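What follows is subunit A paired twice: with subunit B in the first complex and subunit C in the second.
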Partner chain A sequence: MDFSFLTRADIMKTLLDGLLVTLEVALFSILFSFICGIVLGTLRYTKIPVLSHLAALYIETVRNLPLLLIIFFGFFAFKEWGWELPITISVIISMTIFTSALVGEIVRGGLNSVDKGQIEAARASGLTYVQTLWHIVLPQALRRMIPPMVSQFVSLLKDTSLAVAISLPELMHNAQIVYSRYYNMTVPLLIFVSLVYFVINYSLSQASRQLEKKLAG
Partner chain B sequence: MRKWCTLLLIAAMALFGAACNGTGGGGKIADDNSLEQIKQRGKLVAGVKYDTHLFGYKDPADGQVKGFEIDLMKELAKRMLGDESKLELKEVNSKTRIKLLNGGDIDLICATMTISEKRKKEVDFSRVYFMAGQSLLVPNNSPIKTVHDTKGKKVATAKGATSGNNLKSVEPGAQIQLYENYADAFTALRAGQVDALTTDDSILMGMQQQDPNFKLVGGQFTKEPYGIGLKKGANELRAYVDQFLDQIIADGTYAKLYMKWFKQAPPQDLPRQAVQASPGK
Partner chain C sequence: MDFSFLEFYQQEFYDGLWTTISVSLLALVFSLILGTVIAVLRISGVKALAGFGTAYVEFIRNTPLVAQIFFVFFALPAVGIKLSQFAVGTIGLSIYTSSYIAEVIRAGIQSVPRGQMEAARSSGMTYVQAMWYVILPQAFKLIVPPLGNQFINLVKNSSVLAVIAGGELMYFTDVATTEADVTPVYLFVAVVYLLLTVPLSLLVHFLERRWLGKESS
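And then the complex of A and B:
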């Protein structure tokens, strides 16, 4: 077990560069898929003709496709359509396409979990449909959405490593570059990288637990 | 409702298909004036490996991409455009390289790509610039000297590669042990769990340079000729690359680079044309 890379500035720098790309891609994908997911989920929930059907169609299509396929798609298809995108942007788009469908389902589930009696009561007291949605349903639903949403974002962060397939220079990719050069460090590097992923994701879950407690109290 | 969804889905797929065919395959870089375009642009874009020791690898020490293939490309840029800094490197892997070439993202592929009949249908190849072949890596004091000495011995290789079958068809008595990847196989060899490791000598040489307690034996029992991949029909560029390779072989530059990376003189009998050949097929 050769853990000597821990003291080598060059290797740690390579890994850190990778980690920054991983975090950058994950952060933007989380942000965009959160916004798109809320829109999609709400549309599907509202039963507005055509719009809610389109949202349903999108969600059902995308969540039944493998993420790796969407990553390859984002990488090659945009090029063929003449959009020259940097590789990080193409991965962010792919991750957003995929995760917003799943977030959409979480949002719809959250909205559905709000008691119908409350909606009727709100409407009866004179609130419009949109007001009811905004002031009554969404705040309650959002609180229930936090745990599944966070676990979705944790898997998003882990799944950025799939973009190794198109050579995105993220954490996993840079670890591979190092151990392809220093064979004897393969297993120690994998152990180290798993620790890094674990620490980040575990902190994320812990933060969400705190947030839940705060909102509940 | 369900009918509606199915219809929409079919419509979406049809639209999507049309979009793919519509603008797809538009050659931005390599056409008949493939060479002229590079010269006008003043930049040569080469698809190379970042993770293959000795050929194309990113050195963690300084973040630079280095290797035999990188030096070849630098030399090509120097002779074509007058300056090696006019070379732009793009990382490719075996899944992305042909697509990136045909999509116009790169001008050529120099990434340990074996010339095979199947690939020849998708891309054009330059002349052979490196002849790899399957060989054996053993400890310096090993009794194994030829392929047939592996009879009854444990030989490591990676899962998914054809190396195991190739060795079996030359020496049926060899006991193949499969590992997840070459790093694991090499670890097993160093721990003495196996007697030898078999795969392309280009990979074995990289291991051998990391640990001089091991040596290559048995010669090459398959042929893996590496060629530079070019877009189909980019004849002008291919002629230039062929001429470039002939030139550096003739003027000693090739031998210098070969010595720099592989610590030995290049083979004298490097063929111009060759295709992948293995006893396993």
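And then the complex of A and C:
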């Protein structure tokens, strides 16, 4: 077990560069899938003909596919169609396509959990449908969406490591570069990298639990 | 679109499909066993055991599946255990999925009111009898639908075996796209995954409606 990489500035720099790419990809994907997910989930909830069906079709198709397939598709198929995207952008697009479907379901679940009587009461007191959604339903629903949403984003952060398969220079890939050169460090590096993911994700989960308690209290 | 790759790579496709199905089923069995053990540890009331169960669940859930599979892939040979990619994939997927299944089972059991256990115990049943005849039958309906969701995730996650050349459906795309156009290969494999996951997903929806009274859409 050769843990000497911990004192090697060059190796730690490689890993840090990887971590930054991981965080960058995760952050943008979270942001975009949050926006797209809210739109998709709300559309599916509203029961507007055609639009809500399209949202449902999108959600059910995408969430039943492996993310790795979508990552391959976003990288190789787009290239075949002549869309030359930087690899980081292609992974962000793939992660967003996938995660927005799951966020959409969380949003719909949150919206559905708001008592129908409140909507009727709001409508009866003269609010429009959109006003009711915005002022009455969404604020309550958002609170209930936080825990599942955070755990979805923790998954996203973990899943950025799938892009190792297309050689995105993220944390996992950079660890591979190091241990392909220093074979003795393979297992220690995998342990170290896992710990890095763990520390970030566990802190996120704990923070979400705190937030949940605060909002409930 | 040119689907002639189906002719050239017919055998590889069937092999890949079979590997995806068999690795998913095997990992389901192992992760059910492992997940049940972990869930029992967590609710055992014995501090050390519960602590171990919690640590296991938190660590596994907050680290990437890719890292776990690479770890099994490299760590076992380092201690002299040589396994096929298929076995490595099965072990990795089982460990990963067991942490999610443990939580599903724990949540199900704990949702049965405490008074029921006390009543069963005070009417002379042993702990195991009370668990088997009173708690588990009630928890069953709460456990099965989310277990189904975990199985869907397992089928999708089996694609990660491609990173160790695991010979499943995703790996088949790697092989087939060396000569063929990539777009038809990915579209075809996407449809195959949907044929595997959508029926499962419909079954889960059905059980949720039937047993848990969840709203459908």
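Here is the rule we go by: the second predicted complex is superposed on the first by the 215 of 217 C-alpha atoms of A that agree within 3 Å, B and C clash if a C-alpha of one lies under 4 Å from a C-alpha of the other, contacts with A are read in each partner's own complex, and residues count from 1 in each chain.
Keep in mind that, in the parts below, a residue touches a chain if its C-beta (ideal position, glycine included) is under 8 Å from a C-beta of that chain, and two chains touch if they have at least 3 such contacts.
Treat the numbers as computed from the prediction; the structure is a model and nothing was measured.
Asks: Name the contact category of A:82: first (subunit B only), second (subunit C only), both, or neither.
Replies: first
Asks: Please work out whether A:34 is in contact with subunit B alone, subunit C alone, both, or neither, and reply first, second, both or neither.
Replies: Touch status of A:34: no partner.
Asks: First (subunit B), second (subunit C), both or neither: which does A:165 touch?
Replies: Both subunit B and subunit C are touched by A:165.
Asks: Contacts for A:191 in the overlay, against subunit B (first) and subunit C (second): which applies, first, second, both or neither?
Replies: Only subunit C is touched by A:191; subunit B is not.
Asks: Between subunit B (first) and subunit C (second), which, if any, makes contact with A:180: first, second, both or neither?
Replies: In the superposed model, A:180 contacts subunit B only, not subunit C.
Asks: Which partner chains sit in contact with A:10 here, subunit B, subunit C, both or neither? Use first/second/both/neither.
Replies: In the superposition, A:10 touches subunit B alone.
Asks: In the superposed arrangement, does A:98 touch subunit B (first), subunit C (second), both or neither?
Replies: Neither: A:98 stays clear of subunit B and subunit C.
Asks: Is A:153 touching anything from subunit B or subunit C once the two structures are fitted on A? First, second, both or neither.
Replies: In the superposition, A:153 contacts neither subunit B nor subunit C.
Asks: Would you check which partner chain A:57 touches, where first means subunit B only, second means subunit C only, and both and neither mean what they say?
Replies: A:57 contacts subunit B only, not subunit C.
Asks: Across the two complexes, find the residues of subunit A that touch subunit B and also touch subunit C.
Replies: Residues 56, 60-61, 76-77, 80-81, 165, 186-187, which sit in both footprints.
Asks: Using the touch rule from the top, collect the residues of subunit C that touch subunit A in their complex.
Replies: 58-59, 61-68, 70-71, 74-75, 78, 152, 156-160, 162-163, 170, 173, 177, 181-183, 186, 189-190, 193-194, 197-198, 201, 215, 217
Asks: Can you name the residues of subunit A that touch subunit C in the complex?
Replies: My answer: residues 44, 56, 60-61, 64-69, 72-73, 76-77, 80-81, 108, 112, 154, 158-159, 161-162, 164-165, 172, 186-187, 190-191, 193-194, 197-198, 201-202, 205.
Asks: Note which residues of subunit A are touching subunit B in the complex, please.
Replies: 8, 10-11, 13-14, 53-54, 56-57, 60-61, 75-77, 79-82, 165-167, 169, 176-184, 186-187
Asks: Could you list, by residue number, the parts of subunit B that touch subunit A in their complex?
Replies: So the residues of subunit B in touch with subunit A come to 1, 4-5, 8-9, 12, 19-20, 23-26, 50-53, 57-63, 91-93, 95-96, 99, 103, 105, 181-184, 186-187, 190, 207, 210.
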